[in-house]
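Two complexes come next, and they have one chain in common, chain A, joined by chain B in the first and chain C in the second.
The block that comes next holds the complex of A and B.
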C-alpha cells in the first residue's frame, strides 16, 4: 500500500462547496446518484447530496474506463476517416468502494502493459478516483480474502473516510496529492485524533469480514483442471453472462464494424467468455465447446492464469456475481477447497 | 507493435497489387500487398512466424500468418482461405483495392536459435504459409550459410490443394533444400509421392541431431506427427509449432485466444511442444 502522503478534512456541511469548486476547475464530477432503490455512479448535478451509506454501486465503474461500447475509429467508403480519440476530459469519480478501485488497478495490468491501450490510457490518466472506505461490508463481500480491504488504496488517488461531522481525505497517489493541493483553502489538515479514528474504522470493518481459505488457490485450481470441480456450477449455469457484465475485473471485449451506407465505425463492446461464439473458429471448431469449459475458463482466468501472469487474483471480492447470478452460483463455494 | 499514430488498434493502409488463386477448389488466394506510406513499411518490421490482422473497414479483421519473408522487400504476402465475412470479402477483391494491415503481431519462429543447426520443416494443407516465409528466409543468401541441412516435408489432400506450386517446383530443383512433397491421394497426372505427412516423415527420417523442427498443419496432422518426431529423437523443446485461435485485438487485451495463462496472439502463435505440453489441452 502506498504511504500516506497527505490527509485533509472537510466539514460535511462544506462538502457541497468543495464539489462545486471541483467542477469550476474544469473537472466533470461523477458521484453516487440514487435511482429508485439503486445507487449508480453518475454525473452529479448542481445540488449534490453526498451520503455514502450505500453498500456499493449496482454496476461496477469499469465502464468509465472500458465503456460497454466504444468507437475505436470511423471510416468512410472503406477508408479510415478519423481517429476516434476524443479530446481528453478531466474527470473525478467519487464514491467508489475500494474493491472497485482495486479492480481498476488490476485492469491497468492488462491495458497499460505494452502495447498500451490508447483508449484506456487516455481515460485513466485524466481521471481522479476518490474511493470511500467501507464501514459496513455486505454479507457477500470478501475483499480481505483476495488481497483488498475495506480501506485499501490500490487503484484510488484519494481515500475518503466518514468521520461523522467531517470527511477525511487521504491522498494515496501523486495524482491524488496534486488534486487535493488544488483545494487546500477549503480543507484542513487532519488531526492525529482524526487519523486514529479513520484507522479504527478500517480495522473494525476488516475484522468483521469472513476470510476465505484461498492460500495457494492458483496451484490448487491448476491441478483441478480436469477434475469434476466444474461439473456442479456448469450444470447450473445458464450461460447468461451476467456475472461477466457485473464483474469489475472482467474486461474481455469484441470488435465489430457497423456501417450505414458509406459511413461506418469500428466499435469495441463488452464480450463474455460465457458465450459459445467467444472462441468459435471460422472452421467451426470450438476449443471450449460446452458450458463446462466456459465456466472453468472464467474461474481459471481469475484465480489461476491471472496469478501466473500478474501475480494477482483477478477478483476483488465485491460479490456482484453472487448477488446477480439468476441460478445462485456462489463463486466462494466454487473456489473454496 | 506500434500501429498507426502509435495506436495499436489502427491499421496501416495497403494496396492489393496482385491476387493469385492457389488451389483447385479456388478458395485459397494469395494477396500481394504494398504499403501506401513508406514510414508504415519501415515500421512494419517482421520475422517468419508472425501474423497480422487484415482489416477491411465495414467487414472487420482476420488474423492471418505472414506468408512473405522479410528478405522479400517491398511487399507482403498473405495466403487466405475463404471462410467468413472478412475473408469472403477479401476474396472478392480486385487488384488496386485499398485494405488495412495491423501488425506485425505475435512471436516469430526461433530464428535466433538456428545457428549451425539442421532445420526440418513439416507442413500440411494451407497452413504452409508462415513455413513458406521461413523457407524463403532461410534460403536467402545472407541466411542459408547460418544453418546446416534444410529439409522440408509438405503435404496436401490432393495435387490441386498444394499451394505455392511454382515455388515448390523451384525448391525441388535446388540442392540447398531437400524437398519431399506428398499428397494424400494423387490423380492421373500426379507422378509424385503419395502418403500422409507423418508417414513420409517416418520414411525420410531426418536426423534429430542438432536439429530444430518447425511444424504447422491441421490438428489431425499434428496429432500423428508429434509421436513420429519423438521417435526420431526430437525433444519437445526442439519442436516448434504454430497455432491458430479465434482472435480480435491481437495484442493480448481482448481475452479470447488464451490456452491456460498464455495468449496465442501475444505469447504465440509459435510455441514449442514443451510449452504446449505444460498447458491445458484446450485448443
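The block that comes next holds the complex of A and C.
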C-alpha cells in the first residue's frame, strides 16, 4: 500500500455540503443509489444520502470504464462520419468497495498498456475513484485471498473510512491528493487517533475473512488443464453470461459494425466466454465446442493465464459470480486444491 | 425423522436401485449447495454416488434444461447411443420433460422421470428481503412449509410458506409430475384449484399503450445475459436468433429496440410450450417479471385451444396441429 499522502476528515453532517462543492467544481458525482433492497452506483440527486452500510453495489463499476455497449465511431459509405466519442466530463465515483477499485487497477493492466485503449484511457483519466473501506464483508467475500483487502488502495484515488461521527478521507494517489486539496477549506487534518482508528477498522474486517488456499494456484490449474476438475461445474453450467457480466474484471468484448444502408456504426459490446458464439470461427469450427472448454477457459484465464500475463490473479474476491449464479457454481469450490 | 430427510433417503434408495439394476447411466438431481438455503444440480453416475442427493423446498432449478444437450447428436459419431437418464422432477419440471419428449429433444425410452411431490420452492430473494440486510447462515423447512432461517449472532427467523415460495409456485396446478415413471413419497392430495390467472388481470385490463409501457419498463432492466433463455428447458435452439450473424436479426447493443426484440421472440416462442415453472424469473439477476408476459400467453393458449402444456404425451401441441373447431376470430376480412 502506498505511503499515506494526506488524510482529512469531514463531519458526517457536512458531507452533503462537500458533495455539493464537488458538483459545483464541475464534477459529475456518482454514488450509492438505493433501488428497493439493492444499491447501485448512479448519479446522485439533489439530496444525496451518504450511508455506506451496503455490502457492495449490485453490479460492478466496470460499466463506467468499459460500457456494456459503446459506439466507437460512425461511418458513412466507408468514410469516418465523425470523431470518436467526445471526452467525458470529469467525474467522481464515490462508494466503491476496494475490491471493485482493485478490479479497475487490474483493467488498467489490460487497457492502458501498449496498445493503449483510447476509449478506456479517456474515461479513466477523467475519473476520481473514492472507495469506502469495508467494515462488514459478506460471507461470500474473499478479497484477502486474491491480493486485496477491505482497505486496500489499488485502483482508488481516495479511501474513505467511516469513523462514526466523521468520515476520514485518505488520498492514495496523486490524483486523489490534488482532488482533496481543492476542498481543503471543508476538511480538517486527521488526528493521530483517527488514523489509528481507521487502521483498526481495516484490520478487524480483514481478520474476519476466510482465507482460501490459493498459493500456487496458477501452476496447479495449468497442470489440471486436461483433468476432470472441469466436469462437475461445466455439467451444470447453463451457459448464461451472469458470472462474466457481473465480474468486475471480465473485460472480453466484441466489436461489430452495424449498418443501415450507407450509414454504419462500430459498436463495442461486452462478450462472454460462457457463450458458444464467443469462439465460433467464420468457417463454422468452434475450438471450444462444449461448456467444458468454456468453463475451463474462464477459470484458467483468471487464475492462470492472467498470472502469466500480468503477474496478478484476475479475481478480486467480490463474490458476485457466486451469489448470482443460477445453479450455484461456486468459484471457491472449483479452484480449491 | 423429518419429512425432508425421509424424502431424501427414499430418493437415494430409488436412485441406487436404478443404478444397481443397470437401468440408467446418469441421474440428474439436487445436492446441498455451497450457500445457505441453496441446493445445486448434481449429476450422479453410480450407485455409490447417490448419497449426495437431497430433496427439499430449496430445490429450485428446473433440471429438464439439461436434457437437449445430453441427447443432441450434434458433433457426435454416427453410432453414438444416447444415454439412459433419470431426472428428479417436481410437477413443473415433469411437465417440461413431457414437452421435450413431444418436441423430440429427449427419447422417451431413454428417460426415467422420478417424480417428487412439491409444495413450492423457496425464493431466496424473498428470504433476503425479510432478513433486513443480514445474511442467512442456514435453515430448515418444516412439514407445514414454515421456513426457519438461522442468522449469525441473531435470533432465528420464522417465515410462513406463502411468504417465501416463488410466485410461480403459488396456485401451482400440478405439484406432482403428471407423467412419471417412479414416484418418491406420496402424491400431494391437496391439488390446487385450476389457475385463475387473477395475477395478470391488472395487466390485461390495461390499454395497449399501458401494456406496452409496462413491458418496456420491465424489459429496460435487461442486461442481455441470456440467463432467462439458458435456464429455460424450451430454449434449446442450437443458434438463437438473437445471436445469429448470417443474417443478423437484431443488433448487438443494449438499445431498447434490440433487447425488446429478443424478449418478444423468446416470449412468443413459448406459446403452447411454457409450463410456468418460473426458471426464467429465478435465473434473471435483474428481477425482471418475465412471467407476467408468458402467463398472458399461457392463458391465451388455454382459452383459444383448451391446451395446457406438459400434462400429456399424446395430445398434439396446439401450434402444430389444426382442428376445424379452432378459434378463427383472428382471421379478418381483407
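What we mean here is this: the second predicted complex is superposed on the first by the 334 of 337 C-alpha atoms of A that agree within 3 Å, B and C clash if a C-alpha of one lies under 4 Å from a C-alpha of the other, contacts with A are read in each partner's own complex, and residues count from 1 in each chain.
Everything below uses one rule, namely that contacts are C-beta pairs under 8 Å (C-beta built on N, C-alpha and C of every residue); 3 or more make two chains touch, one makes a residue touch a chain.
All figures in this text were calculated on a predicted structure; none of them were measured in a lab.
Undergrad: Under the stated touch criterion, which partner chain does A:256 make contact with: chain B (first), chain C (second), both, or neither?
TA: In the superposition, A:256 contacts both chain B and chain C.
Undergrad: Touch test for A:289: chain B only (first), chain C only (second), both, or neither?
TA: In the superposed model, A:289 contacts chain C only, not chain B.
Undergrad: Touch check for A:111: first (chain B), second (chain C), both, or neither?
TA: In the superposition, A:111 contacts chain B only.
Undergrad: Return first, second, both or neither, reflecting whether A:241 touches chain B, chain C, both chains, or no partner chain.
TA: So A:241 only meets chain C here.
Undergrad: What is the contact status of A:72 with respect to chain B (first) and chain C (second): first, second, both, or neither?
TA: A:72 contacts chain B only, not chain C.
Undergrad: Intersection of chain A residues contacting chain B with those contacting chain C?
TA: Comparing the two interfaces on chain A, one with chain B and one with chain C, the shared residues are 254, 256.
Undergrad: Mind listing the chain C positions that touch chain A in their complex?
TA: On the chain C side, the touching residues are 33-35, 38-43, 61, 65-66, 69, 75, 128-129, 133, 135, 223-227, 229-231, 239, 243, 245, 251-255, 282-283, 285.
Undergrad: Under the stated contact criterion, what part of chain A meets chain B in this complex?
TA: For this pair, the touching residues of chain A are 72-73, 75, 78-80, 83, 85, 110-111, 113, 115-119, 225, 251-257, 259, 264, 266, 268, 271, 273, 278-283, 285, 287-288, 293, 297, 300-301, 304-306, 308-309.
Undergrad: Given the complex with chain C, which residues does chain A contribute to the contact?
TA: Residues 37, 53, 59, 68-69, 138-140, 232, 235-236, 238-242, 245-246, 254, 256, 258, 267, 269, 272, 275, 277, 289, 291, 322-324, 326-330, 332-333.
Undergrad: Give every residue of chain B touching chain A within the complex, in rising order.
TA: 1-11, 13, 56-62, 83-84, 87, 98-100, 219, 244-246, 248-249, 251-261, 280, 282-283
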